[in-house]
Amino acid sequence: MNKITDKNSYLDSIKNRNLKIYLMGELIKEPLDHPIIRPSIEAMAETYELAVREPELASATSPYTGDKINRFLHIAESNQDLFLQNKMQRKLGQLTGTCFQRCVGMDAFNALHSVTFEIDEKNNTSYHKNFINFLTEMHKYNLVIGGAMTDVKGDRSKLPHEQEDEDVYLRIVKRTEDGVYVKGAKAHQTGCINSHWMVVMPTLRLSDKDKDYAIVGAIPVDAEGITYIYGRQSCDTRSMEPGEYDVGNKYFAGQEAMVIFDNVFIPNKYIFMNGEYDFASMLVERFTTYHRRSYVCKSGVGDVLIGAAATIAEYNGVEEVSHIRDKLVEMNKLNETIYATGIASSLQGSNTKSGNYINDDLLANVCKQHVTKETYEIGRIAQDLAGGLVGSMPSGIDFNEGTMSEDLKKYLKGKKDINSEDRVKILRLIENMTLGRNAVAYLTESLHGAGSPQTQRVQIRRKVDIEEKKEFAKKLSGITERKE
Amino acid sequence: MNKITDKNSYLDSIKNRNLKIYLMGELIKEPLDHPIIRPSIEAMAETYELAVREPELASATSPYTGDKINRFLHIAESNQDLFLQNKMQRKLGQLTGTCFQRCVGMDAFNALHSVTFEIDEKNNTSYHKNFINFLTEMHKYNLVIGGAMTDVKGDRSKLPHEQEDEDVYLRIVKRTEDGVYVKGAKAHQTGCINSHWMVVMPTLRLSDKDKDYAIVGAIPVDAEGITYIYGRQSCDTRSMEPGEYDVGNKYFAGQEAMVIFDNVFIPNKYIFMNGEYDFASMLVERFTTYHRRSYVCKSGVGDVLIGAAATIAEYNGVEEVSHIRDKLVEMNKLNETIYATGIASSLQGSNTKSGNYINDDLLANVCKQHVTKETYEIGRIAQDLAGGLVGSMPSGIDFNEGTMSEDLKKYLKGKKDINSEDRVKILRLIENMTLGRNAVAYLTESLHGAGSPQTQRVQIRRKVDIEEKKEFAKKLSGITERKE
Amino acid sequence: MNKITDKNSYLDSIKNRNLKIYLMGELIKEPLDHPIIRPSIEAMAETYELAVREPELASATSPYTGDKINRFLHIAESNQDLFLQNKMQRKLGQLTGTCFQRCVGMDAFNALHSVTFEIDEKNNTSYHKNFINFLTEMHKYNLVIGGAMTDVKGDRSKLPHEQEDEDVYLRIVKRTEDGVYVKGAKAHQTGCINSHWMVVMPTLRLSDKDKDYAIVGAIPVDAEGITYIYGRQSCDTRSMEPGEYDVGNKYFAGQEAMVIFDNVFIPNKYIFMNGEYDFASMLVERFTTYHRRSYVCKSGVGDVLIGAAATIAEYNGVEEVSHIRDKLVEMNKLNETIYATGIASSLQGSNTKSGNYINDDLLANVCKQHVTKETYEIGRIAQDLAGGLVGSMPSGIDFNEGTMSEDLKKYLKGKKDINSEDRVKILRLIENMTLGRNAVAYLTESLHGAGSPQTQRVQIRRKVDIEEKKEFAKKLSGITERKE
Amino acid sequence: MNKITDKNSYLDSIKNRNLKIYLMGELIKEPLDHPIIRPSIEAMAETYELAVREPELASATSPYTGDKINRFLHIAESNQDLFLQNKMQRKLGQLTGTCFQRCVGMDAFNALHSVTFEIDEKNNTSYHKNFINFLTEMHKYNLVIGGAMTDVKGDRSKLPHEQEDEDVYLRIVKRTEDGVYVKGAKAHQTGCINSHWMVVMPTLRLSDKDKDYAIVGAIPVDAEGITYIYGRQSCDTRSMEPGEYDVGNKYFAGQEAMVIFDNVFIPNKYIFMNGEYDFASMLVERFTTYHRRSYVCKSGVGDVLIGAAATIAEYNGVEEVSHIRDKLVEMNKLNETIYATGIASSLQGSNTKSGNYINDDLLANVCKQHVTKETYEIGRIAQDLAGGLVGSMPSGIDFNEGTMSEDLKKYLKGKKDINSEDRVKILRLIENMTLGRNAVAYLTESLHGAGSPQTQRVQIRRKVDIEEKKEFAKKLSGITERKE
């Protein structure tokens, strides 16, 4: 295998693999050729292309190989590195208008860097070395790593070992001298099919009865025993319609699949945690700290939607109307709030024991809270500016090819000098991002990715020093003495 | 033709008509047989069935024929009548989970009742008689009337006569002794194909140069010169997939189409306004007063979504968790706000000159403002409770029939004693209502139906007596003398 | 004693009483003469004056005496009566810009009407007769009755009988043949000093160990053993400053006091519950049902604040600026939401066993939820329109009398033709309602009166039929069979 | 004069000055001795004390004198400097619970640093040198500089030269060889009386007819012709009551005064702009860029209010109740949003032509938008947790000294082991911050300081590159070609 350097070498690298993927009842031979899957591959590919066009932004130097690698593979060595991740994420959001699927891996191994180090420190294990070796290999070929965390979970009120079906959390079902065999399923795995490797990780705090669930390891995506069932997204089959007129976003989409592990083997050298249940919560917490702030990517996607809203306002001839202007300001205010809270978290990062950097936890959770709400409000305002057509427009076939095509072009015209075709296109993009395929990436994923809203609130509660704040108040009210 | 009395006679009444309908490039011979169209017909049919099951709620006595008619055909004779419209609308929202398409007509002819009377009063015309005759005919057969108001509008910054293409607002293109010929197009016409007649009306305040646009008249939906182009809705083609597993709502959907009028004739007896441009704004205002409050139907649809959210919470085993409970309370609070402001408007109605009742204008606009926002927030919370699966679930074919069916049932199981099948079904319903086909009815239509949000704000501004409020303040602050 | 018919006879009726009132360390001889107390008396008096000016709105006919009485003394005999309470409350809010203190009593005895009836029905007691006799007496003289519910509560996590100090809930400390003696304290009693009688009631659901706390009875406000400690309100002492320039509202204010009961006697004929602990929650719930909807008074107060905001915008020369107009629309939308949800509750009332009417519980709680939030947002917008001066304006003495008076008038002038004096006055009113004395009535009381926000959420949860909603969803998703 | 090094030397430095200050009709001889003014001086003094205790945080090295100076006097030489301003501001908010009044000056001369440089660059003037000399002098003695920008403005719809009274914007009324004489008034000047010097600046974009208004210069606060009229604040006179029991914040308050300039002389060496009207908007914009982000101080004040809310919840025995916990999370989320958006702006600063650093404009405006809203919501939630007593509590005299003192202590007790005294104190602090004196600093000033809400929206509109965003959307929708 050669090092991947751009879109083309990336596409080559994932061609002709032997993945077992099901989509709408069908076993997919070559995902690259499937109209529903292809746009998600294009989005991933864009992470390589950006590194070609803007190397300062989207690449970095590997401390292990000394070579240029994609920034998504880089271990953050400073707050500036953390910030540059955000800047790159926003840029890719602007370029693709969807989820480009590569953050989970980046955030996972940034978390693993320090966690493996701290497990070793306590237990005299050698996970950190394993991990660095693995990462060096990845760097060498500039690969895509997916992070597989979210189990299917069964009854949410029970711990893994309490579940009726023990497999609803991924677990070790056999141990040999050479490694372990795992079984279970990971839900809504972003970009898994577009990756080369994936790292499995536990998804929640574990008890001492959950040791078999305390497994972290790297697996090639085409390992034996893995099956992918492609997730449906709203309007996904529009990519299969003749003309593809109604897709909205002509190029890109996200990807979510369920991954089923049926006795998949992980050799020892790719194992980074094995039974250390008491480190599961540290891993989850560090991962989510990185990952909740990674959702600043949605401010980039938001830029696209704001741009679409401004465009349709222009096409309708109302761009300068005061309430329209104010709505665009509101969209921007919300969008920049996401970005600002995210980069504040990155720029307030700190050093870990293992030497890499981690962003501020409290602010990462604040950022993610905004992501779970403001995106929906931005989407609502975009639909407001779009007008009712966004939900009632004739099909692209009727508009472009059908008997009534000329009539539709006549009657769907907005402002003079604007083609009806363009008006229809921008409306389809707004539909795509608020109701259609990329609404899943822009809205639903914003809600649940990196943890549903309540998980952030729990974390905010933990990270705030409420006793210190009480003391401020007690001093000023005279309850306690104010010495200073 | 026989009087329609229930679902079956309704279906019979619309069978074998000669409508010219295009959908995705195809000319549709029989809409009843089309999987995409059929669910919208079912929703309309439910308005007849409810009248059979609950006649007190959904029927009334015609003052013209003395017979029982569907309440949707009734002229409101009291505030109680206005309120019963709302109660029926909520009920139908609960039963269908979507738009049942029959309110526009009801609100249109309730507005026309008084407006035709007042035109006659001023101009000595006989529109009101025409209108009553027409309505009597409708009552006789218990038909469905659609209201066709929204023009395609072209450049939103210009009046009809100022448009480059004069046809972007429906207008009279020829006048004969027997009637008029109209040309133009009406956008997103709710339920038009499922109606028997439609009433065309101007969509905005007109100037004296817009006389040709001041036309109100009744037209059979299969009149010569009319073409329907069916509007796409998110995920509409899922109804055409084998098994129809992923439709979400098994029975019902809304319907929006663009209607193109190419020299369609309206005979004199069906004309209710012809050139009286100065009454256009009165008509629009009265119609929207009725119609903005009719959006309490969305509180019924909201009941379904709240129920779905509570169900998935139960299936996930978290129904009693405090933040889940609080989110359900929030959904209900928002939903009841829509209902309460709507019925307050109805219960504060007043008598018109022609003798029918009209609800309170200010409160109708307040109600509609809530409809444009709270529905989206209810939708967001529903997705929150649903969990990430709502955006990433495998297709129904994979789940129910495919090779991996057993695995998927295993891994998509929630709480013990709950079938995975049921869990998947309720998730698909939530998807349907927040991202899919009925999200158009529940969200986009809530935003734009009966006028986009800003139109309500304009109306609130007009209807509030701000000078009276200033005077209250001036008295208490001592600026003006307080005598009483 | 003569029947009270207007402001003057009311003032006479409360003159020269022997109340024990403390305010800022002082024992107040005659509250009528105290500058801090007087404005609250004026607000109460306005309830009598309105009945003189608008008898249809503010009076009713007593079913017991057959005479005209103030509507605040009336038992609701129809939904229209419930609605007229709201209409009168809004009007009084507009007239006074504060709390006129008379709703608690009205709501209390409307609740007692049915609760006493139902206790008797179950226990063969004669509380209802006692109650009707008492009410007849009140009607005869057209008196003010205060309702005293909120105990001081001690540790909120404990029931009355579990408290360390048993007196933190009002309780019976001695029983004799003639009646009972009570001890305890009621917090923030609205208008108590301006009343003639008060009715004490338990404040929460009681257990069988709390029987001594299950006491309801009527007491003259000047009964032996009662002490009032007047509550401070923000800026209250401005009424004592020379010139009273900075009071904001020239005439009116609310009144809250703590009432301490030290072995106060209640004779048997004035007792309406005595030990029936299992009816305490029914009483609390019915009272809050009435009372939460009574907070539509705040939409009247809101009218004043909206008027003040519009006035200052006019004085600053910016009334027609688009963002100012939009903010006024927003204030009105929020304000009318309070009103609409409240009257919807009243107009959806129902008959009780005892024959009077009670408004809809669910909607009353929805209304109160809005009261707890929208008032604050209206207040914020009012400060926005006011400009920074609302927080930094020189004192009225400096402005009106001081050395710099001329300079201040010069520099505090807004638009031409507007006196600086008027501009200052309207700013002081806005300060009064958002930071000052009546901010307590408009904001804090809106938050906590009739139960703090969470109590409404609990009640919304109880009153919503969530199982019915689940069933709607289950039918449409295909989980359960849809028969109808 | 000696260099100021701490609180005491600061207090000495402002003692025995000859300021002409009016407060409630009185000429104040010595502000240090006035109970209403003293707390504002204490807050200012705290900026010196913090520099003693935490020199790294609150001091810096002057590039002009080479000595340690207070950070408030420092010109930002890096993004880190900008960030440290924020960190210090939050700390001081936590320590004082109010406005410490020293940011305006800091932000003013940071703006002047680059603006004077750029005027000189264009016009060959020597303002920058004047400015540096002035600053060097300030550094030498470590003084307090106030920034005086906001004019009284008269009719807001008119420019300065269009006003009926030309003095409503500060202007040059006489020019001599040695300098200029100015006349006019500046409204709500924060901390002016506690300063040593003030810098006057124009408050808005000027036209070529407004040259006399284009004046920037430094003036000692005790210059001849200056009069201060102290602004009232809610509850200010509580500091004058015996015992001062009800002040809420025992130590600190803000300060706002109107400053009237009656022919005040500014010598040439202290003039930094004189007629260059075309640079007025640059100055205003840069100042507000710095200053809008300086409002992160309110997150420090918010910490106090959150602490107070958590304390009262604890005292009431409900700290662990789920809805209480969630409300505390919400307060923190809102509070950290202010902080995060502010520091993001600072950490994204950039270099100016003159060599100092300026924070990001767009994010500064986003930060300030949050300050104008979230503070009010935090305040509302604090009142929610406080309970109704926050608006109805007896006076401190009654509670502590009066006849009923023992009863009140008994009945105002919350949880066991908590003194009633402490409970009362914390409630008074919450009242202070939401309705009382420091509500002006925490709420009203948050709304209007550094520009009212709409000014930020205008600026957000200007700073966002909407055309770039449109282009993103046009590419993805296929309207324009996507090359990259």
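Chains here go by letter, A, B, C and D, matching the order in which they are written, and residues are numbered from 1 within each.
Quick note on the criterion: a residue touches a chain if its C-beta (ideal position, glycine included) is under 8 Å from a C-beta of that chain, and two chains touch if they have at least 3 such contacts.
Bear in mind the structure is a predicted one, so any value in this text is a computation, not a measurement.
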item	value
Other chains in touch with both subunit A and subunit B	C, D
Of A-D and B-D, pair with higher C-beta contact tally	A-D
Subunit A-subunit D separation of Cα centroids, rounded to whole Å	40
CA centroid of subunit B to CA centroid of subunit D, Å	52
Between subunit C and subunit D, centroid-to-centroid distance (C-alpha), Å	38
Subunit C residues counted as touching two or more neighbouring chains	323, 326, 457
Subunit A to subunit C touching residues, read off their complex	322-323, 326
Complex contacts: residues of subunit B adjacent to subunit A	22-25, 27, 150, 152, 154-158, 164-165, 167-168, 185, 187-188, 227, 229-235, 237-238, 241, 246, 256-258, 260, 316-318, 323, 372-373, 376-377, 379-380, 383-384, 387-395, 397-398, 401-404, 407-408, 410-416, 431, 435-436, 439-440, 443-445, 447-449, 452-454, 457
Subunit C partner contacts - residues on subunit B that touch it in the complex	49, 53, 94-97, 248-252, 303-308, 310-311, 314, 325-326, 328-329, 332-333, 336-337, 339-341, 343-345, 347-348, 362-363, 366-367, 369-370, 422, 425-426, 428-429, 457, 460-461, 464, 466, 468-474, 476-479, 482, 484
